[in-house]
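Labels for the chains are A, B, C and D, by order of writing; each one numbers its residues from 1.
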């Protein structure tokens, strides 16, 4: 809870500091705030006692793990976004402040114990992003992205609330633990299988599928990813997914585990559609961020396997998966931003190996990690999730593996682009110091993260 | 310091030397480079000695886990027992001597620092191979030495005369080794799938409880053996070793005589528990007969070679065959014993030949030599000792080690004994031929060369002397009666303690020794009479006929391989290109790819970019879920 | 008389459920059919209000107050959402001179 | 327990009211004389010819203010539960509400500093 407050306050302060027209101060405030927050999260590991606390938020180790990851990625997005925002100092505060608030929402979504905090967290997470997506005020595409995201998001919120309402009607409580107990206790009576409850579960699932961007609720993601500024895209892909999946795991793992037999088959179908749709759409993409969007859809499909499995490890596996994914995606959007190609075509990567070997290296690492090449972190995430799911859903895992085979094709296409030499000789790209730091951290994490993480049992 | 710290140090030193030379070597003066590389080797040797003396039971040293997954894990772990430390001693000891020798030998070479970098890295890889506690580490080192040997064979790739040949030889070695490695790799996979681990001791432990089928054991062992044939130059993969002589002579001495080529033998001895299983009996026999054939064939070929290094190379192959016969009979300690002595005298001989070539200003054809004994006395003396040792002259090291193998052979069956004795005789003959032709008679080279004849500097002769001494006394290690070496190896090496040790009674021992000595001396006299008395000389290749011609042309092995493998493979590849790629791949596979691409386009059509459609899809999704629910209940 | 019976029997749960469902569906249909973004927004609000009705009814049914608090939260969030939405619409209007969602399909494929 | 009878008067009254309104509207429409001419139908802007459309684009400032109003207005509902039982909540509740209002004011100040409420700019 303390960390949460720290994040919120530093966001607030950075809002006001922005009036000083000194972007550096804003950056400093937010960075320091986030670092303190991360430190607090770590300090809270295995000891629940904190200065402030609220029954609605319970920071278990799981929540902390996800929150730390989310904070790190938020910090990265702030850092890589900084350079583009310091050009108009008056907006720096808004950008960073909104990101921080959104992070607050994400943390709420990871630590909630009842539907109140979950719903609030979801909204606090979403609303700032609706705005952030449209930060390129003059760019019609950006506004369009923001509008689309907003309209569909609002719709999804309605659906979610409807679902929550039905669930409440069936169980008479908002606390997920009590919901779980209620269902567990009445398993054999009809009460736990009333149509009211089932409809509620399905509606909640639908809204989750929207948030994580699974078919057929995924349509917003390619457009929004493409339209919004790169750093926001990175934030969406890394932090929002963490928050959404964390909450997904939590609700379906704590509240509805005993209905697994009911909702699992639906989720299986959704996962399969998602994987195929994402892969096939990604094949012939020419826009890089769209490619990332579709690949992220595919990854969501893979990650859903972890939600399906719900074994003792799946929470940690999912975390490793999303953690690795976040590093890759943030590195890639940062690099794409540096290339600053207006239509951000994949062909913009041509000759990157010549123009800037450092960027090229990081990009290749990130892409290979997304493709799941050992021993990069992406491989470990995939391996753990798939291996965990294999006992229950062998067939689906095999299909998923086949699909990651297809996936390698379009990742390698980009890699090849990087090493091709370009037609028109372009100038070298100069990389700001901040980017160098962030990208190097990402590269290191991608390289050794998997090897290191696979040594320990975190949860 | 304790062993736990010392052993990693042994590994670290050559690596460090290699890295420093590799990075800074270009800038540093040759003196510094050479002495650094040599110094680390000597220090490593010293440490190895230290470990050797304080080692009692086998020690396991965990460095770190390379990959840990819930199913299995690969460990960077070392196993220090008598076998590995003994091999370490050989590698570092002879290695350091050869480093010292190279400082003089390579002094005129511009690739000086590269040479020493490779050499150090080779030692590092070899030590990993030896000290690793599991097959993964072994494989790692295995490939490492493979690469280093490849680099060093083709070291003079830019040489204007022989550059192309050198690189071709390097490539040949590389390919041959790959074939072997494939076998080894399959073997490792089989082991992993059967035992679920690659650790030697765990495999040995699981062997009893799992008791896998004989066929599986046969498969594993035969695959391991194929790997061994590649690295240790046995039929059918031995042809790369003679060509490997294209590398600088110290390399031939270190890698292609003393250490690397014994990796295969080490592998078999390490996995003795696998080879001793009933399932592996067949493998053992195969090993035995292939070893026998190799030793005979190589010895026969060596009879009529005129390149001083080629002769030695074939003798190496033949000796390795000898050792494999021992392995085939389960005489592991005898094998390692012979490996040791062979390392001594073969290194000695190669360095000697190196010194000769150095003196002859890079002339390798023995027909151009002769009467060198008065020009380069030290080299001559040491070379003589080496020759006597390898041809099993009484009371020299080779005598005892060969004798032990022969004893096993006799015990095993008489035919093998006869064949081995014959090959030993051949060895003696061609070695003496080589010796007499090179060092006796009068000089046949050009006066220009003659004017340059000179004894090598001390840092080249010193190793020769040391090795000569070792070749003389080396036999004492396992002298009949004490058998110190056997007991030394048996007491803490996994599996070896179970292998029954053969003790021949004195009478047969005497007979054996007498026969061996007689054979050697006969060969000596024969060679002396023909090459010194009769001044008979190896004639140029076109005149020779019959057996000699066969021998001179290496029994046409390369040609046969060319017809048997290379040509058909070329044919197959042409065909497969036509059929598989052009017809099949281009149509079917690309067709599939195309259709996938098309579906991709189709799917993209759904993404109309119109919000109302997206919303509609979402609603469809929800409706779908509701329908699912209605169907579900 | 008819009127009497309706008021006599007190409204049972089903009515509320049905009513709110109908409201919700009206909202959804509105979202699907209308092209004007502002009206879409209104329809979404309608959906939320349907939820509010449902929640209040349930909280009455369970005899607990927490759902009503939840309703407060929903209202506030809805207001915030409306604010954000309207500002986005203003932005959109400035760029495209229209709030017809049918026109916004630059991003696709 | 309320019965139908208690509701009846209300119904009657409502009926009467609605009926009257409708009646008046209808009657005036029917009875009133109708003289239509172009000049009469044209909308009269104190003698000046009318031009352009009545629906002219509104300045964004209106929207902004309206939006902000909505935002700040709705938050008031949080005072209702407090108002209902502030006596039970004692000091704690008061503090909570003060905090709530404080955050509100922070937001308000931000809006001010941004100059969202300045009409002329």
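The definition used in the following text is that a contact is a pair of C-beta atoms (placed from the backbone, for glycine too) under 8 Å apart; a residue touches a chain by one contact, two chains touch by 3 or more.
Bear in mind the structure is a predicted one, so any value in this text is a computation, not a measurement.
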Q | Partner chains shared by subunit A and subunit B (touch criterion as defined above) | A | C
Q: Looking only at C-beta pairs in contact, point me to the busier pair out of B-C and A-D.
A: B-C
Q: Indicate, using Cα centroids, the chain positioned nearest the centre of all protein chains shown.
A: A
Q: Let me have the rounded angstrom distance from the C-alpha centre of subunit B over to the C-alpha centre of subunit C, please.
A: 80
Q) How many Å are there between the centre of subunit A and the centre of subunit D, using C-alpha atoms for each centre? A) 41
Q.
Centroid of subunit A to centroid of subunit C, CA atoms only: how many Å?
A. 28
Q: Provide the C-alpha centroid distance between subunit C and subunit D, rounded to the nearest whole angstrom.
A: 19
Q. When you check subunit A against every other chain, which residues touch at least two of them?
A. 147-148, 151, 155, 159, 222-223
Q: Any chance you could list the residues of subunit D touching two or more other chains?
A: none
Q: Quick one: which residues in subunit C touch 2 or more of the other chains?
A: 31, 69, 80, 87, 101, 104, 106-109
Q: Report the complete set of touching chain pairs.
A: A-B, A-C, A-D, B-C, C-D
Q) Any idea which subunit D residues touch subunit C in the complex? A) 2-4, 7, 11, 60, 63-64, 66-68, 70-71, 73-75, 77-78, 81
Q) Which subunit B residues qualify as touching subunit A in the complex? A) 65-71, 596-597, 599-604, 606-607, 609, 611, 613-615, 617-618, 620-622, 624-626, 628-629, 632-633
Q | Residue ranges of subunit C in contact with subunit D within the complex | A | 1, 3-4, 7-8, 69, 72, 75-76, 78-80, 82-83, 86-87, 90, 94
Q) Which part of subunit C faces subunit A closely enough to touch in the complex? A) 17, 24, 27, 31, 37, 40-41, 44, 47-48, 50-51, 54-55, 58, 61-62, 64, 66-67, 69-70, 73-74, 77, 80-81, 84-85, 87-89, 91-92, 95-96, 101, 104, 106-109
**Q.** subunit A to subunit D touching residues, read off their complex
**A.** 12, 15-16, 19
